[in-house]
Structure formats: structure tokens, C-alpha cells
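In the part that follows, the structures are each spelled out as C-alpha cells.
Next come two complexes, and both contain chain A; in the first it sits with chain B, in the second with chain C.
Take a look at the complex of A and B:
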């Protein structure tokens, strides 16, 4: 187990290095540089600025400087937001995105498992048909439409009650988080419901369920201890990649609900070619996702004894 | 005992009596069989029908609905969906003197109340150009107030504010205030110069949609050659799905947007699935160290944060002035999309490689390239087709997503995603601008998803053995 974890962590570090390099190359492919907007008025100012930010050095040199700083955990200063360190930007805005993402994934996985199990129990009966119809809808409607509809719903609720009970946009209290997290989790929830349903239906025909029944275990016990626990495995497997989908999917929801998350800063940075912010956010996001996948895989070992040997 | 010596006559010619050997049903190839199963799946068939309709909408639609999607009409901004309307061409507006009393000398008495005017009627034809009203004189009235309402007023207080007023000698009123082709309720109330009296006469008027020749020419409704004369009837342009915030026709834009969205949604997956097949097939077939290296690289690409890199790559490949940004997005999708297919194909190839028929073919002297082209790729086609079907909605989503956050196709090129982005701003007042593009995205994604489900069932050999 320890060896496995260490191996995965080393592979993870290499992956992060690959992400950093790919970002660096892609970024330098973009024509222009961060100083092209309005700052470098004259050639002299430009030269000074280039010196300050290290842009006068060859690109390969810049790459190694960047890698060195990254190893020290320093992503540098932003080009466009004066004197703001990239680390500060991440520190200020990543927790917002992460909170939203965690809430959404909690909501999605709990909902997905619950609805999936329900549909499997009521297979081909009314609850199953209704839920599966909603699931198809959840998979087919883009998140920004849900976000817009969610806002519309809040507007209507608030105007019906005559006061702003649940805020329509912004960030701060738990009330601000509810609707964005719900909207963000919907797509994943629909996906997980489908997965859970087919997994439950597959498990129900397994021999160990028959054995358990033959032993005379109560149906509830069979359902929770044997069927549900085994059926959850595929759901846990996709949870890692789904965390990635949700955290980056947060971009749109953050935009619609005016949430000060990291996504907005990334889009802004790309538009203004803010090298340090682009590198910082991408590498940070990448590392976060890689870590998440590793954690899910390790957790998987605890849930499923069969893969613990790997 | 002598040995039995058979003679020729002891033998009987054997004939096949039973029809065991006969094939009772026509033999079906893999794809024929899959098609038979797919035909049983109503949902998948309906989806296939929707996809064909979408293709017709995209390819043939613009030939039928010949409206320029880029044409802005600021007179018709954010209009709700409407149907074709006939309009009459009228003479250019000429000022109207109205109907006046020559010998009017003001009221003689000031009674407590005045009766409602009689004979309230229109003069000439009521059109959206002008509505001319007149009524009979009320003795002792020193003026009249004219009201216009969209619905039937219940009583005097329901009339609201007057549209205009006249002096006592003026028994007519001309209304030219943004008239539409709908029902109006006009009311006229006599005054004694200061006070109104609560007696009014109502008149229901439905102005006809009318344009002057100049207006019709300016809006491209008629040609100079058409030789349209005042009094002729023409059909006014209409917007079955309404117009957007710049007065552009939504239907035409949705068709144009469908080209962009479906082009990206279908071409990008086709390309990256092809890359994935080659990459995964290569890795899986040759195996060993090469496989390990190639798949490790694929793992790296999978680990790239997808949306961040979509944005980064898209910008990196650059949009020149006047370009739509479709190709950068295509390249970015291909660069990031291939590993999933590559992994899948590799797994399949690893399985197939160990099958007996590959061994047999190799014994017969088949070359690598023959084995790959003849045996391995055709046997993975089922899985690949399913992947492709599910990749299309994913790509459409990605395009919509990027266009929605403003990092997709560049305006003025419409795509369903960018139309949603524009529509969401006016969601409360003009919901149709968001609903229609969102509906198109959802229905397309839904159809491809259901078709993918159907194909999975039809092509899965495990499912086959079940019935």
C-alpha cells in the first residue's frame, strides 16, 4: 500500500511537470506578450519592464527559472494586477472554487447513489421511469441553462416571498452557495445515477446475493451490506475524473452567479497573456486534480479489498 | 463362419432426407444484425430521425429560409416569434386638416354635465400609418379628450391618461403614435375647457398593417422592379422564432449556428477518434515497452485540465481579424480529445490480438498491416462507433460551454453556445432568445446520447447472447 502510494505520487509529480511544460509551450505560442497592452509606452520603459520580469532572457532560460521557482512553491507576481502575487490570487480565490466544487460533488454523489439505487429497486415502474427521464434531461441540458433557470427560480421565489431570502448571485453565506452547487452538480448527478442504476442491476444477479438470500439474511441487510456496497464501486472509480469535470465546470456557474472563483482569473489572465497567472493557475489546478485522482484511487483500495494488492 | 463379403448391391446410395443442413434464416453479418437490433429500439430510432432532421435543418434549411442571418434590423429588436402577416402598401403620409366647425363661438352655457359624443367613427381606412377619428359635436362642449386603450375599459377611471385633446371647434383626432396591427379601444370625452365629464363613447378599431412604398423598399420587402402600387397587398417579413437583440432573425441564426456547432461537434470527434484509433492500435498491437511509453504519454495528456487547456490552445492557435475561431477550437479539441479513444482501442486490440483467428491468420503468413486492417480494426469498429456517438454530444457541449464564457467562436459568427450567451442577458424580458438555442443544444445532445445507448445495446456481443 505504501509502495503503491509512493509510486503514484512520483508519477503525479511527473504529470504536474508535464502540465507545467505544456502550459509554458502553449502560452509562448500565443503571439504578443504581457507588456503589449498599455504599459510599455517607450522602448526604454519596455526594456526596463522586460528586465524586471525577466522577459529579456531567452525562453529556455525563463522556463528553468520558472521551474526552479515553482519547486520553491513561488509562482511569481502578476503582470496585470499590480504587485499581486500569484500565490495570493490562488489563496484568495481557490477556496471559493473548491468550496463550490466540494459542495457540488457531495450533492452529486449522494443524489446519484440515492436515485440510482431507487431506480434499480423500482425497475421499469413509475419512479424509475420518472427519474430516468429527469436523468436524460440532466445529461442533455448544458449547465449554463440550468444556471440561468436556477437564477430565474430564485428571482421568482424571492419576489413571491416579498424579500430576498436566497440571494440570486454573489458569494459569502451558505445561502449563496446552495443554488450554484446544485446547478453545478446536476450533470454529474445525472451521470452517476445512470451508472449506479446499471451497476445495481448487475450486482443483483451475482451469486453472493443469492447466497446471502439463501442464508436467510433480511432484505434490508442484503440491500445495504451486499448490493449497495458492491454497486458503489464503479461510482467511486469515476469520482476522480468527475471532480475534475466539476471543478473546471465551475467556470460557467461562477460566471452566471458572479462568484469570485479562480476560473474568472484564469480566463482574464489568458486574455491579457498574464504569463505568471496562467502558469500558476494551470499548474495549481493540474496538481490539485492529479492529487484528487490519487486520493480517490487510494480510497478505492479501502472500499474494495480486491484492488488493495495492486 | 465365412467372412462377410459385401457386394456392390449391398450398398445403398445415401440421400439426405432431413433438412437439417438447411439454413432456416438468412445469415446476417455483424452490422446487419446490429441494424436489426437497433430497429427494435424505438428511442434510438426516434433519435436517429431527429439527427436526420437536424442535418436537413442545417444543410437544406438555409436554402428554404433565405434570410441573411447577419442582417440587423434595429426596428425589430428582440421580437417574439411571429407568423407571416399581409400588409397593404399605402400612399405616403399626407397631413390632414381634420374636421373643424367654421362657425364655432365657444360654449353658450356651462351645464353640470355633458352627454357623450355621438357617431364616433373612423375617417378613411384605419391603418398602422394613421387612425383618423371623428365624432358629432356635443353642444356646449369646449373640447374633447381622446383616450386609447389596448383592452376594453371598464369605466371612466379605467381609461387612464388621455392620448390627446382637441378644442371645441375641432371634431377630429389623428393618432399616429406607434400603432400596431391589433385591437384598440378609443374613447372620446367632452370637456367644458376645464373639467371632464364622465360620459364617454367607445370605438373599437383594428388598424390594418400598412407600409408606404418607401418603407417597403427600405426594408427590402419589395423590389423596384416589382412595380408595386399603393393599394397592393404585400407579405411583410416575419420571424418564426423571433429576433435577437440586434434584430437579427433567430431562425436564420440558428441554422447558421447549427453549421458551426454541428461542424465542430461532428468533425472534431471524427478527427480525434481517428487519431486515437491509430495511436491506440499501434500501442496495443506492438505492445511491450513501446506500448508502455505511448500509454504513459496518453496518461499525461488526460491529466491536463481540459477546459483550461482548451482555452489556452485555442488562444495559442490564434484568431486573425475577421476569422471565426472554428479551426483553433477544432485543433484544440483534437489535441486534447484523442487519449480516451486511444486507451479504449488499445484495450480492445490487446484482447483481439490474443484471439485464435489472429494466430491462424499469422500462421497463414499474414503481414502486420494486413492483420491490423483486415482483422483488428474491423473488430473494434463497434466500440469505436459507440465512442464516436458519445463524443459528439461532448464536443457540442464543449463548444457551447466555451462560446458561452466568451472564449469560443468569435462574433458575429453565431453558434448555439454564443447565442445562449447573448440570450441569457435578456432572459427575463425576452426568454425566446435563450430558449431556442438552448433547446437546440439539448435536443441534439439528447438525440446523440440516446442513439449511443441504442448502439451500445445493438453492438454489444454480451447483450447478444442474452436473447
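Take a look at the complex of A and C:
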């Protein structure tokens, strides 16, 4: 188990290095000039800006400087917010994204497992058809639509009640988080529902379920102890990457609900060609994703002993 | 397990359980809540370039002079001043204090201006200090910063020597780049200067008390401000930061913010809510800028004249933009600019292009005979929905009316700028907003030496007229020159004016005294108050 973990960690480090290198190359290929702004500046000012950000050196040189700093855990200062360090940006805003993401994953996994199990039980009957229709909606409708609708719903609830019961945007209390987390989790919830449904249906015909039934166990007991527990494995597998996806994919939701998360920086940095923030957030998220996958792999071993033997 | 996590999560966040009761206006305490469109990237006045930073800085800082409620220059840190062709002298008031209680002195201005101009600071707005003697030479690294034509005669007297006579210098000193910075504080903070509320000293009507990056920013009345009796608001809470107009409209409907700007879509929703919709002209002009480099087809005058006569600014404003408030584009000089005694455009009406397809076709025929054939023209625009709509309209009009093929090239902000600078376009959708309240903020835009002249228009006569307006202080001579320049812009079809930007917005009916400004902080809440 220890060897297995170490091996996975080394592979993870190589993956992160690869992500960093690929992003670095891609970023420098994007047309446009990170130092250019509305007002044109003189050649002297430009030269000074280039010097400040090390852009006056050849790209390969810049790459090695970046790698060296990355190993020290320093991503430099932002191009757009010239007095903030990228590390501070990540430190300030990732916890926000993470809190929102965890809440969204809770919604998504609880909902996904519940609805998935229901559809499997009522296979091809009315509840199944309705839920699966909603699932398709949830997968195909982009989150900015849900975000706008969700916010409008809150506005309407508040105006119906004549007072602001649930805040429509902003950050600070659990009430601020409910709707954004729900919206953020919807896509994953739909995805998990489908996954759960198919894996439930697979399990239904397994021999051990037949055995359990033959033993005369109650349907509820069979459902919870045998069916659900076995069917949940694939869901756990995707949960790791999904956590990473949700904590990074919150750009639109963060924008609509005015939430100070890292997702906004992640996307805006690319639009503004803020090189240091692009590298910082991408490497950070890449490492986070890799870590999540490793953790799930290890957890998997606890849930399913067969994995450990392999 | 899951319930356990949820419970922990709840406990972690719980201390502020239901504290969101605050509404957008608080009469008893005179507090308003607003939303910012983005996180201020740079609360360092010497380097700020964007609207949001300028908005915040103009509330918490003050220059030698400031704009009053009606946009006139009034005393700020300076209680009086004198100016002639060679320079200006400012006498600072005794009771102008920093938020730590120390007086604002002439040295604070000298330091700020010198520091901004140092090449190492790399300030993008350094050019606005160029009327001061040696400023440009310092900025380009030829002369040391202490050679700048500004001297603190004593703590309360500031003496400025000009590089050239500058009729509008006093107005410039209201701009953020001219705000004072105290040297000891700045050097103590170093790189962190302006990055958090404690990393800035305030001398304006308000001071920043809280700044949670990307989330909120709170300003409180500055009790050290010399004119504190004129300030009614006790606090301005920018509790939301989002660029999403729909989210801001929802916040407004929910009574959470007092002000929001509308766009084409939210406008309709605001109408159904029966809000009073207000209009304001931002003072910015949008135009099509041609590429005048000789290898481009658009360097041909007849081709430009053809487009000029096939374009109908009324249709652009009424049918394409279709939100109230925009004015038809007629000139590079917007209607609000002052002339000699009245508005410039009233004293010197802009020449009008007749909308005349037959004439346009004549010009086009001439252009074709000169150029041989006309290649498809590349129209470079930004990636906003409005810009795309305008580009498609132009593509349609020029195609159907003149048979000109236009290729639309939509690019993100930075890429559009890079292409503009490289000259990789035939026509570019551009705009210009004023930095100060003088015609020169627009006038020198197409001078051959101006780096923002990205179409490389080069006309010695244009340059000469700009110099006349720059080097004279007599309003009549200056405005006459600008009028001739306006004529050249038209005759030579240097640009094609499209519209003067108007914005529509909502304002809480109980908030009074909010000033919309063409130059400086906009909107300006400095003199606002909450009515009962």
C-alpha cells in the first residue's frame, strides 16, 4: 500500500510538471500582448514593464526561471493587480471556491445517489421517466442559465415575502451559499444520477442479490446493504475529479452571485493574459486535481479490498 | 458521515447567521450600499488606469483642485492658485490633513509627480504630467527625476514650471495621477503600497476601512477631511463586486444596491419593473478608425469618402444600438467640450456627411480606378455583443449598398490591441474617453507622434494645428485651430464617427446628489445623501 501511494505521488508530480510546461508553452502562443493597455505607452516604460516581469529575457530562460520559482512555491506578482502576489490571490480566494465546491458536491452526491437509486427501482416507470428527463436538462443546460434563473427565483421569493429573506448575491453567510452551491452542483448531480442508475441496474441482476432475495431478506435491507453499497463504487470514483471540476468550474456562478472565488481569477487571467496568474492558478488547480484522483484511488482500496491486491 | 460534514460546515460559517438584513439605504446613519463592476486592480494613484480604481481613489483622495457638483473646478488641497504661460503656483490650505493627522504638504506633490515619472515606476498615465518642465525627458530616462519643474517653496507653496504654455493645467491637477503621496509612508510600504486599507494614506472626503479582495470594499467619512461639513454620507459600502449586469439589476430590485448601469437586455427588464430609467452621456466617442498605412486599401481617400457617405449615424444609434442615451456621431469632438464662451460644437458645428449612396458610389468608382480592385476589408472589433452587432450592421450596409466585402475579425481585448498596434487591420472599431476637461484630450489623438494613433495617420497640417492649440493659451486661437482640425478630420475622412456613448442607469429615488461625470470619478457619491 505504501509503495502504491509513493508510486502514485511520483506520477502525480510528473503530471503537474507536464501541466505547467504545456500551459507555459500554450500561454506564450496566445496572440496578444500581456503588457498592452488602452493607452499606448512609450518604449521606455514598456522596457521597464518587461524588465519587471522578466519578459525581456528569451522564453526558454523565462521557463527555467518560472520552474525554479515554482519549486520554491512562488508564482510572482500579478500583471493586472501589480501589488498582489499570485500566492496571496490563491490563498485568499481558493478557500471561498472550496467552501462553495464542498457544499455543491454535498448537494450533488446526495441528490445523485438518491435520484439514481430511485430511477433504478422504478425503471421505465413514471418516476424514472420524469427524473431522467430532468437529468438531461441538468446536463445540457449551461450553468449560467441556471445561475440567472436561480437568482431570479430568489428575487421573486423575496419580493413576494416583502422582505429580503435570502440574499440574492454576495458572500458571508450560509444563506449566501445555498443557491450558488445548488446551481453549481446541478450538472454534477445530473451526471451522478445517470451513473448511479446504470450501476444500480447492473448490480440488480448479480448473483449475490438473487442469493439475498432467496434468503428471504427484506427488500429495504437488500437495497441498502447489498445493492446501494455495491452500486456506489463508480460514483466514488468520479467524485474526486468532480470535486476538482466543481471548485474550478465556478466562474459563471461566482460572477452572477458576486462571490470572491478563485474561479473568476482563473478565467479572467486568461482573458487579460495575466501570465503569472494563469500559471499560478493552472498549476494549483492541476495539482489539486491530481491530488484528488490519488486520494480517491487510495480510498478506493479501503472500500473495495480487491483493488489493494491488484 | 455526510451529515457530520454538513454540520461542521454549518458551524464554521454560522457566527454570521442572519446578518444580511441591511438594505441599500440607511437614512439614520446616512449609509449607502453600491456594487462595483470589478475588483479595483490598482489603488495606487500613481499607477491607476482603470475606471473602478479611479472611482474609489477619487472618493478617498484629493488633488490640488477638485470638481464640484456641476463639474466646475473648485479648490481642493490648494486654497488658491495663479497661472501664467510659464508656470503655476499653488498655495495649500493649512487644514488639509492626511488620515493619520499630519498635514498634506507641497513636498507630497513633488514626491508623487517625480515618482510617477521615473521610468522604473512604469506608470501608464505618466504622459498626463508631460506639461511640467522636463517631465517627458525624465519619463524617457534622459534626465534625473529631481530635474522636474516642480518645487516645494515651503510646506504650503508649490511652484510648477511648464514645458510649454498649458491652458488646461489647473484642470489636470484634479486627475488621480496628480494626487499627493507622502514619501515616508510610501517607502515604508514599498511594493505593498495601495494593496490594502492600511497600506494607503487618505486625504479625501472618505477613507477606506475594509477591503476584502473581489468581495467588498467599505469607505467611511474621513473626519480629518478639511471640508467634512460638506459631506453628508457617513459611509459608502461597496458590498458586491460583479461585472454581471443582470446580477446587479437583481440586487437593485432586491433593494441591496442604490445604483446600477443597464445594458440592452437588462434595460427591458428594468422597464417592466417600472423603474425610472436615467440617462447620462459618458463623454466618450466611438468611431471607426482607418488604417492609413500606405499598403492598405483604406489609405485611399476616395474609398474612405465612399464609406463616409454610405454610413447613416441615425440608423446606427436608433436601430443598431437601440438603447436610449446615445447621440449620433458627427465629430471626434463630443458635444460636452467647452469652446471659447459656449460649447465647442455650438460655436464650431461639425461638418456633416450627407447620406448619399449615389455620391458614395462615385467615390467608390474613383477608388476602384486608383486601386485597381478593392480587396475584402478587415474590420477589427472587440468581443463584446454590442461591438459584434455593430460590425455585422456595417458589413451588411457596406455589402448591400456599395458591394464592399467586409471581413469581421472579432478579438479579445488584449489581442485587439496587439493587432491595432501592429497595424493588422483595415478598419478598427475604436473609442476614446476623456482624461481631462479640455479639447486637447481628443485633439492630439491623430497627431503623427501620438502612440494611440494606431492607424498611423500622418498629416503635417494636422500636427501643426495640434501644436497651435497646445502652445497657446488664448482660447480663441486654440479653438479656431481645433475647428480647422475638425474640418480636416472630415475632409480627409480620417475616422468615421459612429456615436457618442450614452449610458442608462437606475438610481435609488431616496439617494440625492449623485453626480455623473464625464471626467474623473463616475458616478461620484461624494456629495450624495439619503433622503428620509
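Everything that follows uses one rule, which is that the second predicted complex is superposed on the first by the 297 of 310 C-alpha atoms of A that agree within 3 Å, B and C clash if a C-alpha of one lies under 4 Å from a C-alpha of the other, contacts with A are read in each partner's own complex, and residues count from 1 in each chain.
We take it that a contact is a pair of C-beta atoms (placed from the backbone, for glycine too) under 8 Å apart; a residue touches a chain by one contact, two chains touch by 3 or more.
Please read all numbers here as calculations on a predicted model, not as lab measurements.
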Partner chain(s) touched by A:68 [first = chain B, second = chain C, both, neither]: neither
Residue contacts on chain A - larger count, chain B or chain C: C
Contacts of A:19 with chain B and chain C, given as first, second, both or neither: first
First, second, both or neither for A:282, with chain B first and chain C second: first
Partner chain in contact with A:267 - chain B first, chain C second, else both or neither: first
Which of chain B and chain C A:219 touches, first, second, both or neither: neither
Touched partner set for A:136, first chain B, second chain C, both or neither: first
Which of chain B and chain C A:148 touches, first, second, both or neither: both
First (chain B), second (chain C), both or neither touched by A:127: neither
Which superposed partner A:177 touches (first chain B, second chain C, both, neither): second
Chain A positions touched by chain B in one structure and by chain C in the second: 30-31, 148, 152, 155, 255-256, 271
Residues of chain C defined as touching chain A within the complex: 2, 5-6, 9-10, 13-14, 16-21, 23, 35, 39, 41-42, 44, 47, 49, 119-127, 139-141, 191-195, 199, 212-216, 239-244, 246-247, 250-251, 253-256, 411-415, 417-419, 421, 450-452, 454
Residues on chain B engaged by chain A in the complex (per definition of touch): 299-300, 303-309, 311-313, 315-318, 393, 397, 400-401, 404-407, 417, 420-421, 424, 427-428, 434, 438, 441-443, 445-446, 449-450
List of chain A residues in touch with chain C within their complex: 30-34, 36-42, 44-45, 47-49, 52, 77, 80-84, 89, 92-93, 99, 102-103, 106, 109-110, 148, 151-152, 154-155, 158-159, 164, 167-177, 255-261, 264-265, 271-273
Complex interface listing, chain A residues touching chain B: 14-15, 18-19, 22-23, 26-27, 29-31, 136-137, 139-145, 148, 152, 155, 244-245, 248-249, 251-252, 255-256, 266-267, 270-271, 278, 281-282, 285-286, 289-290, 293
